[in-house]
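What follows is a short report on a single structure.
Letters are used for the chains, namely A, B and C, taken in the order the chains are written, and counting of residues starts over at 1 for each.
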Amino acid sequence: MRPVVLKTVELTVSFGGLKALNCLDFELCEGQFLGLIGPNGSGKTTFFNALTGIYSPASGNVFLYGEKITGASPNKVYDYGITRTFQRSRLATPLSVLDNLIIGNQRNLNFGLWQNIFDRKRFKAELKKQTEIAEALLSRFSRDLAALLFKPVSSLSMIDRRRVEVCRALISEPKILLLDEPSAGMTPDETRALMDELQDWRKQHPLLATILIEHEMELINKVSDTCVVLNYGEKIAEGRYSDVATKTSVRAAYLGED
Amino acid sequence: MDLGFFAQYLINGLVQGITYALVAVGFTLFFGVLDVIKFSHGDVLMLGAFTALALFLGLDRLSTPTWLSLTIMLCLGTLTMALLGALLCKFLVLPLKESPPLNTLLITLMFGSVIRESVRLFFPNGSNPKPFPALLPETSINWGNLNLRLDSVILIFTGALAIVLTHLFIQKTRMGLAIRAVAQDEETARLMGINFTKTVLMTFALGSGLAALSGISTGLYYQEINFSMGLMLGVIGFSAAVVGGLGSIYGAIVGGLLFAFLQTLGAIWFSVPAYKDVFAFTVIIMLMAWRPTGLLADRSAERV
Amino acid sequence: MAANRLVGRSFCGTRLITMSDLKTKLEILLGVALCVVVLYGFLYLEHEWEIGLLLVILPLAILFLKRANILSDYQQAARTIPRFTLISFIVGVLVLIVLLRDEHFALLMLTTVLLYVTVSLGLTIQFGFAGLVNFAAIAFFGIGAYSMAVLNYHFHALPDLLIILFSGLTSALLGALLILPILRTKGHYAALITIAFGILLRTFLEVNDVFGGPQGLKVGAIEILGWNFSDSFPSVLGGGSFYMAYAIMALLLAAIAYLLTRLIEASWFGLNMDSVRLDEVASASFGINIPRWKITAFMLGNFFAGLAGAIYAAMSGFIAPASFNFSDSLLLVSIVLLGGIGNAVAVIPAALLIVVLPEKFQVIQEYRLLLFGIVVILILRFRPSGLMPRGLRQYFPRSST
């Protein structure tokens, strides 16, 4: 059995009276690819936001390798090795692809005043290293995109933007990757291409645990090891996609039956 | 301090507070529908007062009776400013809807500066303070230390009435419903067949009309107006709206009265009158640091 | 054979580079010389028709240069050797100062432009990089000026350079009072806080007798190593107006501020500030410490404003609250916008236009706030990125290939 990386115990997030997440128990193992599904408003993105410190949970706990990290700030969560993409792309569009990727690699940058402003030789060496890392990472996803390293993100196509967003999340070599509906705004073919590229990366980083929020059931079926289904902030099913999809409670949640 | 003094401060504070609340309601409305701050609001207020003054000067030549002058000034003053507000929205605010919020702020700030400078340069002798006619009855009653001026009472009631009517308009009419719908969620409102542009323009007209009203009240109360009065009143109105909680009409009223209360308190404590503003603003800045989203607004989380 | 050709080519290549290097340098120098001539005319000429003519010819010339791609080639060249370009321009302005040595008014204008450039660079860091709105730039300039007046009077024994430095620090430290409210609030709210602060500071200075009330304070001249700046320029160095010393000092300050701004932009500091401006949620999710960058930008910008204010105070010899109006803060914001938000070079032409034009045209003088208001509205409406939009970040000089 692979060790558990991330665990939540009775995690609850509420907005006013509404419980967006209700007593959620959840486990993620090393190297696991977990699909998080559920109808709109079922609390999937809220779950990501609660994990990454954007919302603070009303009660319950989050554990990373058994260590309690509940309520940690977004900065801290990043330092622990959890990174994410956003449902609506949140890249710094006027900046270059390189700049966006370097932003993702905060943890490995030197912010000393001396090196940044005065010792430009050392800064140049660090820049060179970061550029190489970024280029190598990008070219794994798309060689064409790697050639656009010095172009502003605003000039990229949707799929390239998604790629940059995924690479920004991967460049710091995190332990856990959270993908919030990467297919939004892309064609099924593009989504498939991106997923294949991601699977390729996972082969080389077998410990990386991934949670994927997705509406495309076919995709979930194809890439996920297991699935968790949320409805009204509660977990209503868990298991292999093929098992989960046939459950009546899950069908009811999607089709709105009682 | 005896009761008379206390009552005197209370009445003066109320007149001020209602004026501020009128301005703050405008800020709250604009922010509600469009999430923008119209920084020219104070200058629209000032222009409203000057429009009324110009109307008065014209009507005075025709020796119109006072009540009629006052009615015309109020109606035309507010209507012109309502129109100006709608135009500002159509040509400067809405086109910038997709650009960074900072640009909207700057463009309205600069528009305010243009209004201010235009009045200073083009109104006859505009850089000096102008006497504003005393059109309200000047009767007053004395109770001990309290000098209750009838005009104060009228202004408090007019202001309160305007706010109540605005509230009713928003709560009870179809247009009000549209405004609330747009404030809730622009996309859904559009899908439900609400004319977004019309609703926003209407809101801007309404808010700007209220500003003109408060400009005219200020003129009637102090019997003097000047081209730079809008800057301070705008900043105060915005502070009031923010402290109360942007987007909430009750918040605007509470904020307006609170600001007037702080100024009054400052005036009692400090011998130098100018310190009353320093005091009030310091408290406001501290309140903002303490509760950034205001006293009454619900904490809204950003969509991620 | 192939290796030989390779060697040959690379040999030719290096020789070509040195040749083209020299050519680039000459190009840069030519550009500097042209700028000096135009600026000399702009500052020296007095008749309105002369300036008018210059203002008709100049845009046409710029348009021509742009059409013929000379302007973009020039920018390209400047990007390959930025250090040489910067030094050449500094020397160019020094030459300009010497040329104008007997013209009090022209030197005063030039100094004011340079001081405004310094403040605008501070605003560029705050507002162009970190996205912090500051509508109290003139208040921080004023704090620097008042500190200079007070410190110079009470601690006359201290060297004046140290006093100028302290004045900048005072400005940054008083600005620190606003950090908590600014960090806790966003966008519009932060704007309100700075506007309120600016108005408050003016009121405070006006009613406080310690600071001279509305009449203001006298300020002693700067004295460095026994050289009193209010005397004429030493005849050993050719003599000239006392403004020369202030102009040179302002030039040095502006150059240092410019260099620092560029270095910040071309480092992780600038990268993180940009990220904070563009998206706080994403920044925080990637480990960026948002308060750290906002505080750095805010303090540094106000420090620049304070330094400039201190030199301004010593040069004028007298300061009063009336010189630090809200509308002056708006004027400074206009400079940053007109140039192009976040572009450090752009504030220089913008400051020149906004400071010098009204002085040259009496008509404009009266109407300047109105005109600049309209100009900024038009810019925001039709060209929000300014006259010289900021380009992509360039960490190091582009290689000439």
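Everything that follows uses one rule, which is that a residue touches a chain if its C-beta (ideal position, glycine included) is under 8 Å from a C-beta of that chain, and two chains touch if they have at least 3 such contacts.
Since the model is a prediction, treat every value here as computed from it, not as a measurement.
> Using CA atoms only, can you tell me which chain is the most central one in this structure?
C
> By mean C-alpha coordinates, which chain is most distant from chain B?
Ranked by distance of C-alpha centres from chain B, the top chain is A.
> Sort the chain pairs by how many C-beta pairs are in contact and tell me the top one.
Of all chain pairs, the one joined by the most C-beta contacts is B-C.
> Using mean CA coordinates as chain centres, what's the gap between chain B and chain C in Å?
37
> Quick one: chain A and chain B, Cα centre-to-centre, how many Å?
Those two chain centres are 47 Å apart.
> Can you compute the centre-to-centre distance for chain A and chain C, using the mean CA position of each chain? Integer Å is fine.
One centre to the other, that is 42 Å.
> Send over the residues of chain B in touch with two or more other chains.
Chain B, residues with two or more chain partners: 304.
> Using the touch rule from the top of the page, what residues of chain C touch 2 or more other chains?
Only 281 qualify.
> Indicate the residues of chain A shared as contacts by at least two other chains.
54, 86
> Could you please specify the touching residues of chain C with respect to chain B in the complex?
127, 131, 133, 135, 178, 180-181, 184-189, 191-193, 195-197, 199-200, 203-204, 206-207, 281, 326-327, 330, 333-334, 337, 366-367, 369-370, 373-374, 376-377, 380-381, 384
> In the complex formed with chain C, which residues of chain B make contact?
Within the complex, chain B contacts chain C at residues 37, 39, 92, 95-96, 99, 101-103, 105-107, 109-111, 113-114, 116-118, 121, 231-232, 235, 238-239, 242, 272, 274-275, 277-278, 281-282, 284-286, 288-289, 292, 302, 304.
> Under the touch definition given earlier, write down the residues of chain A that touch chain C in their complex.
Chain A reaches chain C through residues 52-54, 73-75, 77-79, 83-84, 86, 90-96, 99, 102-104, 106-107, 109-111, 116-117, 120, 123-124, 127, 150, 152, 168.
> With touch defined as at the start, can you tell me which chain C residues reach chain A in the complex?
260, 263-264, 267-269, 271-272, 274-275, 278-279, 281-289, 392-393, 395-396
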